[in-house]
Amino acid sequence: MEIALVLGVPLLGALLLALAGHRSWAPELNATMSFATFFATTLLTARVIAGGTMVWLDERFIVDPSNVLLVALAGLLREQFFVDPFNVFLVALTAFVGFTTALFSRPYMRTEQDHGRVNPARLRLYHSMYQLFTFTMLLCLLSNNVGVMWVAMEGATLSTVLLVSLYRTPASLEAAWKYFILCSVGLAQALFGTILLYFAAEKVLGPGGTALLWTHLHQVRGQLEPTVLSLAFVFLLVGYGTKVGLVPLHNWLPDAHAEGPTPISAVLSGLLLNVALYAVVRSKVLVDGALGRNFSGGLMMGFGLLSVVVAAFFLSRQRDIKRMFAYSSVEHMGIMTFAFGMGGAVAAFAGLLHMTVHSLTKSAIFFTVGHASQAAGTQNMDSIRGLIQTSPTLGWGLVLGSLAILGLPPFGVFTSEFMVLTTAMHEHSWATPFLLVALVVAFASIFGRVQPMVFGETTAQRLPRGPALVPVFAHLAIVLALGLYIPPYLVGWYRQAAALIG
Amino acid sequence: MGVLPSPLAGSLLVAAAWLVVAVAGLIPAGNAAFARRFAFPLGAAAGVALAALGLQAVWLPAQTLTLPLGLPDLPFHVRMDPLAGFFLMLLGSVSAGISVYAAGYFREEPSGRLTLISMQYHVFLASMAFVLLADDAYLFMVAWETMALSSYFLVITDHQRPAIRSAGFLYLLIAHLGAIAILLCFGVLHGGRGDYTFDALRAAQLQPAWASVAFLLAFFGFGAKAGMIPLHAWLPEAHPAAPSPVSALMSGIMIKTAIYGMVRVTFDLIGGTSGNIRWEWGMAVLVVGAGTTLFGVLYALVQHDLKRLLAYHSVENIGIILLGLGMAMVFIGFGHPAAGALGLIAALYHTLNHAVFKGLLFLGAGSILHSTGMRNLNDMGGLIRGMPKTAFYFLIGALAISALPPLNGFVSEWLTFQAALQATVLQHGVVRSLLPLFAATLALAGALTAMCFVKVYGIAFLGRAREPAHRSPLPHAGDAGPMERYGMAWLAAGCFVLGLFPTSFLLMLNRVGVSLTGHGLSEDALLGSGWLWLVPTAMGQASYSPVIFFVVIVAVTLLAFLLVRRFYHGRLRFSDPWDCGYPEQTSRMQDTADAFGQPIRHVFGPIYRTDRRLPGPEDTEPRYSLKVEDRHWYWLYLPVARAAEIVSSKIALLQQGRISIYLLYSFITLIALLVFVR
Amino acid sequence: MAIPLLAQLVNVLAAFLLLIAFAMLSQRRVLTLIKLLAWQGAALATSTAIVAWSTGQTHLYYSALITVLLKVILIPWVLHRLIDRLFVRWDIETLINIPTTMLIGIGLVIFAFALATPISQMATTLTRSTLGIALASVLLSFLMMIVRQKAVPQVIGFLAMENGLFFAATSATYGMPLVVELGVALDVLVGTFIFGIFFFHIRERFDSLDIRHMEKLKED
Amino acid sequence: MSSAPGIAFQILQSVFVVLAAPLLVGWVNQCRAWLQNRSAPSILLPYYTLAKLFNKDAVFAHDASPIFRWTPYILFGCMWLAAGIVPVLATGLPFAPAADIIALVGVFALARMFSALAAMDIGTSFGGLGARREMLIGFLAEPAMLMTLFTAAFMSGSTQLTTIVDTLAHREFALYPSLAFAAVAFLMVLLAENARIPIDNPTTHLELTMVHEALILEYSARHLALIEWAVAIKLFAYMTIGIALFAPWGIADAGDWSALPYAFAALAGKLALAGAGLALIETLLAKLRLFLAPEFLSTAFLLAVLGMLTHFLVKG
């Protein structure tokens, strides 16, 4: 039932906020609903910690046979959702970051309203879509049905596309248009891949409901037709990879991040990309089962490496602060893709850990960036100066967040990069020079930009509203803690998930 | 044995104590009384404890411990062995003096800044302790980068000035580059088996070629931190930018952790007792070391910013340490471990000595800065009258760094010379005749250092203030406060102790050498002649007795004094200096720092990139300006930056803004992959 | 011999689909494009119904019904209304001239067939050979999206691509599970509406639906 | 080692060097006067000068610091110490192991550092000029000196002067090319270090050209006397080092009283020759421009290095 709660609460929130999203208390309602979602996921997590993997609705769920509607519904939902070590932490992470972002969005969107950039109608759209977006991501993660996963992913695009263009400026419209077209076309490829997957699965599992259920597919993955699956994987990779932001399919990403409201940039970067990568990895597991590791792994490593290198060199050219961190997301998604591509227990572990810490760090950065650009009245980095004078905590948040994302210990990003690099060194030593060059270039680019923004003299004023700093430091504290100590159950999940991805 | 059950646990406690002090300063937010009164003295006390523990650990077998932190498969491993013990002693003892000094130096900081500085300072200390204690690659890297980060924040304490910000950036960038090379080195050492504990790395059997790669990576990575050329560029920028106690910590201790890393990786992880060290590595180290030594001192000579000058001297001294290490590697590579041990001991002893005297000198520079607000030597003069005590401590530091007997700098250079003179045991003719050449560079550098410190001391402390009293703060400069003086006195005493009683330290270093290479100097020779005598090999070959030397020189000087006093009158008159017949002599006509360096610029002209502006005959306000720049900027750093920029401008063509093109990328990717799949 | 006949019918419809895809690639007029889209939807619905008939899978009837409602009636109507209100009936400019596009298109078809043939061999369904055609029409629509410079034709290209996908889903594999089909249909519907909203916004901001105005966000 | 006769020898030698050093200066001056066709002053003139200076009133500048005040004593002490290390009359002196050749060079460096500092203490332009030039010469002379000594050290396998002299004195006579190089280098260093022509002119009083004189411009009376005396001891010490390295024959062992008269005579003869030679050089050569000094000294350095390399090459 926790699953129903997890999915139901944000859906309810979307409905409520669609009606009341323009009221003055809507931001609080938004945060409350997000908190409720987060609370539901903690219940779910507790359940998983206690009972392990679960599928919902499973055989134990029996409905009254006389009620035809219920029977039909149960038939429709049977085995449609599942929680395993791979998605449980992502669900918790998504709900958590969703909640903290809602907290951040409270003062942020109020200030935007003060500045006259949004009106109540758009605010209603914003709040409602925010909840809907959370719902689609959770649905995508929890769905056992590969087709529904696709539907949810497309839903995530649809719910955010109007948020990207929320300000209705020419630039935001352009960004949203590109986001929409490129992602929709990309996802269309993914749908074709899903169809091919079904095409192959149907022969083994027979036509009908079970042929798209991941738990079933996973069991028979060795019997699936390799040729079809390799073709399917290409489509899935190109499709979901567009959403992940893999170079050269990444072009929508910096635009959408830079032009949308910052809370949306935070969840896009921190959550949506993860979810898309989750989909790629799920596909990879099936393909590996049919084909052996080298094929999908090689493709993913190639894309990952290309993304890391290209994004790193893009970084140094940026003037817009959000755009720069968007490229940084491309880089980090590249690292994760590379890690999953390498495969093996350590690399997969590292990839999962990197998903976690990157989400937390990147969203924390976007929180500080949002406040900073509001204070400066621009997103142009040359005009943001001396944050540490106007708001010391904000400045420290930005500089620590940047250092964390650049992979400096003791932050957790270093932990995962350490594992990725060391694994790469002895398994794919040819790739290490590229990775290292990219890391150094990224370091020079980002830090060289962040430093003058944070330190030095400024003429900017203090923010009228107190910035939301709890989310920033909560995220950074968790990232710091993960750099030094990983809780055993999290290790357990990562290990099991890594074994699954292997 | 000691106060605490084991040196390892004790050292962990000390490191934890530093962390506690760091955090404690933050808890009563806004109330900096704790940071002001107690934080630094407590940190100093912890330092003394650490020094004692380290000293004790040198004589004990290695201990290890696993902490319940870190990665799931790789919890934090810590280990205390003689090498770590020695470096912990260095860290503890030198930082104790610096912390005492800092207690005085930071007294007048505004509260907010003070708590921040106190936190970063103690995190910095703790991270250095963890670098030394780490026994697995992960903890090492975490501590290493934490050290870089905390010191970076300390460097940019005065972040309002753009120059300081860019110094901090350059520092962190090169530190990061080095860290990545180190990480790569661990990866190579690992060779794909086992985990990343140092034990596993030690056990890995490497191909000679891979061992060389690992060594080069370590050399590069740690060299970047140590400040060897051509990776030194950050050092003269960052060390002067930091507050002086921090400069002292960075120059005195932090760059020594890089030496520690180099020794740990080369002699322990790669070399071990299995004799994997190759003499070619030693030659590489020697060549770089000689270059670093000469380059450092030559650039120091043309500086006029006192702290920058001291920073270039750190570069030089790292070069000297590298010379010792290189000789050790050459000897070990040729199968002469005893001679190798001498080189290693010389290098390690110089590491300790440099920490002490460079710490002292930076503290002295800090006191000058504190009381006059000046760093530019060209403006200074006559400080000995206002701050005689600081002048006294600074003189000790200056004599020590100039490698003059009987102070400590001389002893380690003496040992390095002795190591070079062991070259006769080598069979390889070319190498044998090259080693003395490296000794020659050392001699040259020593003499140049003396010249440089005559310049520093003569111009800053001696002579007269250049401007009249109402235009210059110099005549009103007061001496350093008591805490500052205690800190300097501690390090100055260190210069004497290390200079006068080297034998006991040598015994200790011999333990370190034996624990690393399995061979050392003969303890009979070391002990046989008693503590008075420093005899590395045999009495007939080489010996030096600093105590006798010191006693005799003091005795004969006093004797001369007393005789003159006794037999001749003590009549003394005071008058104006003799003007040589030029009645218009003013104090502005004294040599400036730039003038003092002029012969060097003349002799070594091609090394510098000089921009000199002479006033023209028609100038109403004649100005002379001189700018000496580091050539490495122009042939190495700027071209690399430009290359990166070119690459990124090419890559930027990918993102043209046209949606059709983006779709085309997607399409081509798809088609290409489909073709590939078939 | 009823079943082979039906299969032949599906194949004929597949060919029709491909023909329409080519027609769309070469068509310059927006209104005609919308009509072609509707025709494509009709072909799709018919083939779905035939497959449902021949295999007895009832849920494919729903699918066919949805297709008719959505792709033959609703979406073309919406698009028609839109271009009426936005006055965008002008001829279409293309990035590459049309003959070249056609040549590339033929190449794509050959490629798609070559790719799909080995897979089709393995399939158990009677209509397996349609997979290549579905892939070809997806790629052709993709090509169309690339070469078109205006927003509306680009969206039509996207919808045509969805049609190709649907065709692959229904004809080549006898349909996906109903949940998925419903979800996909919902997404397409919502997507179309959002496209509609976008047209208005874009026109409001740029006074045109020419996407070449939207090339400001780039690296320089 | 530290037997009673040894200590007696040590004290004897130390006192002897201090007392005899001005005599050597007097001898050099006398020779030079002869060579230059001047009527020579008394050989004892340096003693008279010292006595006169000691009796004068000392004058300090107002700003003089303790460094200025103590430097003459430190200089004198350093040179005296050096005189105790060098085997002038005998080898195996008890103090000798306390400081080997490297420490000896260190002592000279210490003295140089203090004299330069003292010169800068008063804050006149000439003091700084002198200090700068002195250190310029020093930084090249010191390594050259060290390399020369190393050549000898390599030949004898030791850095102790006693052992070096023992080894060199007791081996059979042969021509050593490495020693020849070293000897030339040493001579050049000696000239430079003792402020002799062609590097400096000990008799000059033209401020712009002087090096050593500029250093001590502010000193007077007893302080000047001590410095002059220390300079004399330095010259004496350098000459005896040269003799010990390149012509060690006839030196006594510490405690061997019977060999002492012979050693004494040998030393006197060798010093007389060396002094005359120095005077000859000073007469024949002209002073170099200041910026030719580095060239001169780097030649010395190169020769010393060549000597060392030759040693290795000849040895194979």
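Quick notes
First chain written, first letter: the chains are A, B, C and D, and each begins at residue 1.
Here, a residue touches a chain if its C-beta (ideal position, glycine included) is under 8 Å from a C-beta of that chain, and two chains touch if they have at least 3 such contacts.
Given the structure is predicted, the values throughout are model-derived calculations rather than measurements.
Seen from the C-alpha centroid of chain A, the farthest chain centroid is that of D. Of the two chain pairs examined here, A-B and B-D, it is B-D that is joined by more C-beta pairs in contact.
Per-chain Cα centroids separate chain A from chain B by 45 Å.
Centroids built from CA atoms put chain D at 101 Å from chain C. Averaging Cα coordinates per chain places chain A and chain D 79 Å apart. Chain centres here are Cα means. That of chain B falls 35 Å from that of chain D. With touch defined as above, residues shared between interfaces to two or more other chains in chain C number as follows: 115, 142, 145, 154, 211, 214-217, 219-220.
Of all residues in chain A, those that touch two or more other chains are 177-178, 181, 185, 231, 254, 314, 317.
Touching two or more other chains at once is no residue of chain D.
Chain pairs recorded as touching, per the definition above, are A-B, A-C, B-C, B-D.
Contact residues on chain B toward chain D in their complex (touch as defined above): 381-382, 384-385, 388, 391, 395, 399, 402-405, 410, 413-414, 417-418, 421, 423-424, 429, 432-433, 436-437, 439-440, 443-444, 446-448, 450-451, 453-455, 457-459, 462-464, 533, 539-545, 548-549, 552-554, 556-561, 564, 567-569, 571-580, 585, 587, 589-591, 595-596, 598-600, 602-603.
Residues of chain D touching chain B in their complex: 54-55, 57-67, 73-74, 76-78, 80-81, 84, 95, 97-100, 102-103, 106-107, 109-110, 112-113, 116-117, 119-129, 131-133, 135-136, 138-143, 146-147, 150, 153-154, 157-160, 163, 207, 217-218, 222, 226, 290-291, 294, 301, 305, 308-309, 312-313, 316. Note for the complex: chain B touches chain C at residues 652-660, 663-664, 667, 670-671, 674, 678. Residues of chain A that touch chain C in their complex: 76, 80, 145, 147-148, 150-151, 154-155, 158, 161-162, 165, 168-171, 173-178, 180-181, 184-185, 188, 191-192, 194-196, 198-199, 202-203, 207-209, 211-212, 225, 227-228, 231, 254-255, 258-259, 314, 317.
Residues 57, 115, 118-119, 122-124, 131, 135, 138, 142, 145, 151, 154, 158, 161-162, 165, 168-169, 172-174, 176-180, 183-184, 186-187, 190-191, 194-195, 197-198, 201-202, 204-206, 211, 214-217, 219-220 of chain C touch chain A in their complex.
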